[in-house]
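What follows is a set of notes on a single structure, which appears directly below.
Which chain is which? They are A, B and C, in the order written, and residues in each are numbered from 1.
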Amino acid sequence: NDNSETNGKNGEATYVFKLGHVTQESHVWHQTALKFGEELEKLSNGRMKLQIYPASQLGQEKDMVQQLETGSLDFGFLTNAYMSTREQSLNAWFMPFVFSNLEEAAKMRGSAVANEMLKELESQGLIGFDFIFAGNRHVLMKDGFVNSPNDVKGKKIRIIGSPVMQDFWKEIGAGPTAMPLSEVYTSLQTGVIDGVDIDLDALVTEKYYENAKYLTITNQMTFPAVVVMSKQKFDSLSLEDQEIVKKAIQAACDWGVNEAIARETKNLETLKSAGVQVHQLEQLGDFEKVAKKIQEKYANESPVIKKFLEEALQK
Amino acid sequence: MVVASLIFIILLLLQVPISFVLGITTIIYILLSGNAGLLATAPQRLYSGLENYGLLAIPLFMMAGELMNSGGITKRLIDFSKTLVGHFRGGLAYVNVISNMLLASIIGSATAQIAMMSKVMVPSMEKEGYSREFSASTTAAAGLLGPIIPPSMLFIIYGVASGASIGDMFLAGITPGILLGVAFALLIAYVGFKQQWPTHQRAPFVAVGKSFFNVIPALLVPIIIIAGILSGAFTPTESAAVACVVALIVGVMYKELKWKHIPYIMINTAVSTATITMLIAMANLFGWMLSFEQIPQSIATWMTSLTDNPWVFLFIVNIFLLIVGMFMDGIAALIILVPVFAPLLASYGIDPIHFGIIICINLTIGLLTPPVGAGLYIASALSNVKLELLTKAILPFLAVSIATLFVITYWPQMVLWIPNALK
Amino acid sequence: MEFIHRLSNAVYAIEKVLAIILCVIMLISLSLGVVYRYLLSSPLTWSEEVSIFSLVWLTFIGGSMSIKRKEYAAVTIVMDKLQDRVRKRLLSLSFLIVFVFVLYIFYLAILWVSSPTIMLQYSNAMRLPMIIPYLSVPVSFLFMVIHSLDLFLSQGFQKRGEE
């Protein structure tokens, strides 16, 4: 069968694990996956290898989750945007204006409350190990910077179709527009949309700045991925092998998160040298009210989110 | 792999629907390879292959086509082309090409267009003394313009599969589409001159004016679509819905579209959409199996090992695709092959938009190549010409199309100048 | 056999109604999406999902209808060249193959929609339970099972010239 289990020379199990994710090979998540593969090989003395399927090669995230459940896929880096539709408490990461930069968001990764979210995934046949990040989300507009909700009132902003992002932009008074990635570039050009809610890495790769050049560094949200393993597969490993997997993931994620933070600065430099006008949102002003309202709404819905907010805002 | 290929061929020849052939082959392959665990996820994969915004254009273009036929729009486009070029030697053959170009600026699918035009053009050409094979082959060939002149279903599917901008693909299709139309016209001029077709009286000025007046509402459809896309009112995908609404209004204005037509239009739309989207769903299942086995990667590695030169690479790809196009449906092939080629383009320095146009035109040509050619079947069935005769009659058109394909392949600027100029 | 034929006709009647409804929903939701975003500057959050879910349903329902109407893309060159009797035999074999395939997918789809995590899944924008679009697969494949069984059974009783 599935080439992930054959017997090695000394009777020790050898594995070729499969990992799927949705990003391109240049993305920090793919780099993290490569790192994970290296660590696995090193820590297991070559008994464990990793085969990576980037760019949704195995299907959408809902497909990957099913493949993880049934054990035909072993690991997944799944966006928090998708996973939060299956596990409400993950919306905590999308609470607006909680982190003023990516480091602050990354600090919450090891917290007890973050682990609580991961634990809840077990009921779906998944072992949640960790969170990695793509970068914080900012706003790119065609016609000026964003200093207050007034600057985006009535403007059409492309968002990822997540409920929190929808609520947030609606509350601000903008028109949140969901549209597939492949239509965003032209839509910005022709004016179907006036701006995008985006992370810097995607902005550099997709070159949207060719059609809209006002970037406001708002840090309104962070954008993590959940690192998961098929529970079925994890349970089938020996205790020692489980430890190896955990250690390899830990090392890869530590590296990946630092790399993401470093890329945040590097990407900003790239954008500036490409002629993008960059402005830092200094005062939250009226955004604060909107943020509080959304935070309260979601905190009321989930005690985990409430705890997350208390802990994150304390810092 | 060998067993799966054999089963694939046997099922095809047994007249099993092509979409099911893909599905059955996938399942048998999975069973043979011992990954039975994968089967549990097959229905989900079938489902989510369709959960794709870009694919919405397919039913809507189909619907627009049905509405335009029932609403008298197609007929008026043909009348208008007739008053323009009907008096030349081989007039109706040009009318066929020009009507198809006009239609192509509204419709995004070659098969839809061939079906629409076969019903209207072939009988009228035959009445004027053209052989039925020639009429049917002209119609089928001119129908190829459908997905090349924007809007285009194939371009949308390429954009979705490769991540390339659909808007740029649309713009890039304009010159190749016109070039292909002109190439067909030249072929008709040559054949007409050789066979000494008769010429006709030029339409009187009053008639030109009248038919122009009549066609204005019909011409509104492409104008509204293009203006709407360029002004940011809607996206290319949404333009298909707008086309339906405008076609509906124009059909009512012409007093030809009746309430009682609507249910039939919708039912036909459902069935003709499903023949394509079912194929996409099953091709997704098939492609997913290929990805799991990492087969695209091995083909790609092999292809790149053949040459470092982008021009040689494009030549090999073109030959390869022409062969694939003989045996496979264009959309299914596009969905399976784009993920194979897309990652290679950067290392050869090939522009993804240019490549997209090449692969789409190439696979569109495949609609007219035997043994598997949907366009050929549709034209043969609707105009009642034996497949063998039609295949023979279409050879000159195929030769012209392939020559145009190579011009487009080796002259990237011709494809890219419009999208680049508008950046 | 007569029962299966009548059942298949009844299913087809339902499919026709569904097809009309789905086409109308798709057209209206996409058009309203344009109107609300462009003219009223307040984009609808549901229009994209509604149209996509209709497309999925339309595909599978339409796919089933195309079996009933025998209007699918298939290669006919070889079968057309065969003697009538041989051709009919092979054609009924072909319907049998289709029947077995759609029955198997129907079975897999039932397992799929009854798996425990299905009810945890909601759509992104509308928070619609995903079971609603997912059901398109088992329902339509059940319809296909009925149509293909009917075609297989009736193949032997066809008059000449019919196909």
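Rule of thumb we're sticking to: a contact is a pair of C-beta atoms (placed from the backbone, for glycine too) under 8 Å apart; a residue touches a chain by one contact, two chains touch by 3 or more.
Each chain and its UniProt protein: B = C4-dicarboxylate ABC transporter permease.
All values reported here derive from a predicted model rather than from experimental measurement.
In this structure, the chain pairs A-C and B-C differ in their number of contacting C-beta pairs, and the larger number is found at B-C. Relative to the whole-protein C-alpha centroid, the nearest chain centroid is that of B. If you average the CA atoms of subunit A and of subunit B, the two centres end up 38 Å from each other. Averaging Cα coordinates per chain places subunit A and subunit C 36 Å apart. Averaged C-alpha coordinates give centres for subunit B and subunit C that are 24 Å from one another. Taken residue by residue, subunit A touches two or more other chains at 62, 179, 192, whereas all remaining positions touch fewer. Contact of a single residue of subunit B with at least two other chains is seen at positions 40-41, 44, 51-53, 232-234.
Among all residues of subunit C, those that touch two or more other chains are 38, 48. Within the complex, the subunit B residues that touch subunit C are 11-20, 23-24, 27, 39-44, 46-47, 50-53, 55-56, 59-60, 63, 232-234, 238, 240-242, 244-245, 262-263, 266-267, 269-275, 277-279, 281, 329, 370-372, 374, 377, 387.
Against subunit B, the residues of subunit A that register as touching in their complex are 1-2, 25, 51, 53, 57-60, 62-63, 66-67, 70-72, 179-183, 185-187, 189-192, 210.
Subunit C meets subunit A in the complex at residues 37-38, 41-43, 45, 48-49, 115, 117, 120-125, 127, 130. Within the complex, the subunit C residues that touch subunit B are 16, 19-20, 22-24, 26-27, 30-31, 33-34, 38, 48, 51-52, 55-56, 58-67, 69, 71-79, 90-91, 93-94, 97-98, 101-102, 104-105, 108-109, 111-112, 133-134, 136-138. Across the interface of their complex, subunit C is touched by residues 62, 65, 69, 81-82, 85-87, 124-125, 154, 156, 160-163, 166, 175-179, 192 of subunit A.
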